[in-house]
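Below you'll find the structures, each written out as structure tokens.
You will see two complexes here that share subunit A, one where it goes with subunit B and one where it goes with subunit C.
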Partner chain A sequence: MNTFLSRLNTIFAFTLSVMAALTFCCFLTTAFNSHKSKIDIGTSKVTVKNVPDYSADRERSDLGFVVFDMSADLTPLFNWNVKQLFLYLTAEYKTADNVLNQVVLWDKIIVRGENAILNLKNANTKYYFWDYGNGLKGNENVTMSLSWNVVPNAGTLPKVMGDGRHRIQFPTEYSAGRF
Partner chain B sequence: MDYIMPLIPESIQSMPLHMDFAGQKKAEKTFQLIILLFGAVGFVWGYVCQQFSQTMYILLAGVLLSCILTLPPWPMYRKNPLPWQKARPETGTGDSVANSASTGQNQQKSKKKK
Partner chain C sequence: MSGMLSFEFLDDVRRMNKRQLYYQVLNFGMIVSSALMIWKGLMVMTGSESPIVVVLSGSMEPAFHRGDLLFLTNYRQEPIRVGEIVVFKVEGRDIPIVHRVLKVHEKDDGSVKFLTKGDNNSVDDRGLYAPGQLWLDKKDVVGRARGFVPYVGIVTILMNDYPKFKYAILVCLGIFVLVHRE
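Presenting the complex of A and B:
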């Protein structure tokens, strides 16, 4: 503390300690949030085709097509410890081969400050709804739900499933035609 | 440094750069208080406007203020100088012997050069 540089060093070290403490306190203020929100999901058109999956084993597999509606207000999820939300829409179902299948159909990043009100009408899926086999045709219990990661400034990375899911029923016949 | 020092004017060289012990203690307490105060106020303000960046900016403003207040050795940190004993006069016996020995060496060197 007797020279200029030693004082600079002490101030710098003390500042870093205070910053770390403040960041931890910021995490504590949001640590007990539930990060939950209500989601409305609906589907207007559901079809299934049987086409060769060239990205996997070239066998004919079931490929689902889902046109969906979704509305939600995610604005309350944002606070001073949230940088962005990563939303992803998953379909969950059971087949003869596997008890649990999960397919991500759609995703979206909402950065803080952007419009956080979702209002999708007749939206197509972003990713292919492939099944590893023929588990989609006639499957009457496919659950669609929206989940999200809350990306914080500091702290944990919560993974939350939204309140509100939708059950889709695939037709018992393959629809004809190309992609 | 030896090369640069003669180029700096005497008035700047003779400026006191060090704090005394009481001043060091005072400086440390000052900057700790300022940084903690700005950190606490920044935390509350950041929570109110829900912007953690505001907290950091206010904290950094406090750091800047405490740097200005405590980095340079301001006169208020030099009010309690140590009571050093007065310097002894340089005409001691030991010193004169050392002086004569060194001058003798110098004379020898100068002789060699010639």
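Presenting the complex of A and C:
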């Protein structure tokens, strides 16, 4: 009955159940957090060009250029069940072809322990702002917002939009030249 | 009888009478079919053809490492939005990919085109899609990541990397279930 192996098996099974229960409790302690925070976004330069999109279908598409400022303090979002924050700056707008367009312009991973204070000045976008078609020129209602995906040690993966958005208007003329 | 630490399990089987043998086989069948029922039940509840997946690559590090477990849902009414982690299938690849949505273009009839990228990759996924494919759409999606548990899938990773280990485990479990008596 009480062989070495059966005792080992019992200890192993018990350890696993205790760990599972503790992990679940850890998840419960942070399950109802709102993960909200205030963000300031601004833009200093907005232009649009019309060039062939060689990364996609090679059609002439609108390519937006946005130089932006952003400041936020995300330190309060971290607790013992937050492994990392995935921040992403989204431009959301409507065109004649598509009722909803969302393009991520910039993103950043903040792992727990890293500096979670953002202070960007005259930053360029990390990804190209390609529209799917020609819907950026003269578009007066492009909303920029910062959201984050909270990645826990164990638990749900909430997606939260920061308080504070910024509306940009694209010029009605394509800009010539390289930039 | 039980708990004998020896290789005389064949004796054990020989000593069982017919009823006990049937009982063991039925028991084995019960285990297999209840596992299947739970899996299929989860499929119905989550709307996803594969409600639980194990992360097989490091392309989402540091969020997900190899061997982490993800719970997926795939409800029709939930729209696909930027920043979400989707699991999708690409034609010509057997293994689904877990990556984050980077761009979404949705038409008024609800049809949607989106582009994905792994957090740990420097370029988007167009190189991973089928040749000539530029966008994913709803039918490519297996599920959206909703919950996360670390390390739990590591056994799957070991079984994938070392097939002999997989067969050894399966054989051991099978023998144990058939032979074990209370």
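Here, the second predicted complex is superposed on the first by the 177 of 179 C-alpha atoms of A that agree within 3 Å, B and C clash if a C-alpha of one lies under 4 Å from a C-alpha of the other, contacts with A are read in each partner's own complex, and residues count from 1 in each chain.
As a working rule, a contact is a pair of C-beta atoms (placed from the backbone, for glycine too) under 8 Å apart; a residue touches a chain by one contact, two chains touch by 3 or more.
Only a predicted model underlies this, so the values are computations on that prediction, with no experimental measurement involved.
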Fit-or-clash call for subunit B and subunit C when the two complexes are aligned on subunit A: fit
Geometry of the superposed three-chain model: angle at subunit A (Cα centres of subunit B and subunit C, steps of 10 degrees): 40
Which superposed partner A:Ala123 touches (first subunit B, second subunit C, both, neither): neither
Touching partner for A:Asn79 - first (subunit B), second (subunit C), both, neither: first
Dominant toucher of subunit A (residue count), subunit B or subunit C: C
Which superposed partner A:Tyr88 touches (first subunit B, second subunit C, both, neither): second
Touching partner for A:Asn153 - first (subunit B), second (subunit C), both, neither: both
Which superposed partner A:Thr29 touches (first subunit B, second subunit C, both, neither): first
Partner chain in contact with A:Thr3 - subunit B first, subunit C second, else both or neither: both
Which superposed partner A:Thr15 touches (first subunit B, second subunit C, both, neither): first
Subunit B versus subunit C as contact partner of A:Val67, first or second or both or neither: neither
Contacts of A:Asn98 with subunit B and subunit C, given as first, second, both or neither: second
Superposition-derived minimum Cα distance between subunit C and subunit B (Å): 11
Overlapping contact positions on subunit A, where the subunit C interface meets the subunit B interface: 1, 3-4, 23, 153
Subunit A partner contacts - residues on subunit B that touch it in the complex: 17-19, 24, 27-28, 31-32, 35-36, 39, 42-43, 46-47, 50-52, 55-56, 59, 63, 66-67, 70-73
Subunit C partner contacts - residues on subunit A that touch it in the complex: 1, 3-6, 23, 55-57, 83-84, 86, 88, 90, 97-104, 109, 111, 127, 132, 147, 149, 151-157, 159
Subunit A-touching residues of subunit C, taken from the complex the two chains share: 3, 5, 62-64, 81-85, 100, 102-108, 113, 119, 126, 134, 145-150
List of subunit A residues in touch with subunit B within their complex: 1-4, 7-8, 10-11, 14-15, 18-19, 21-23, 25-26, 29, 79-81, 153
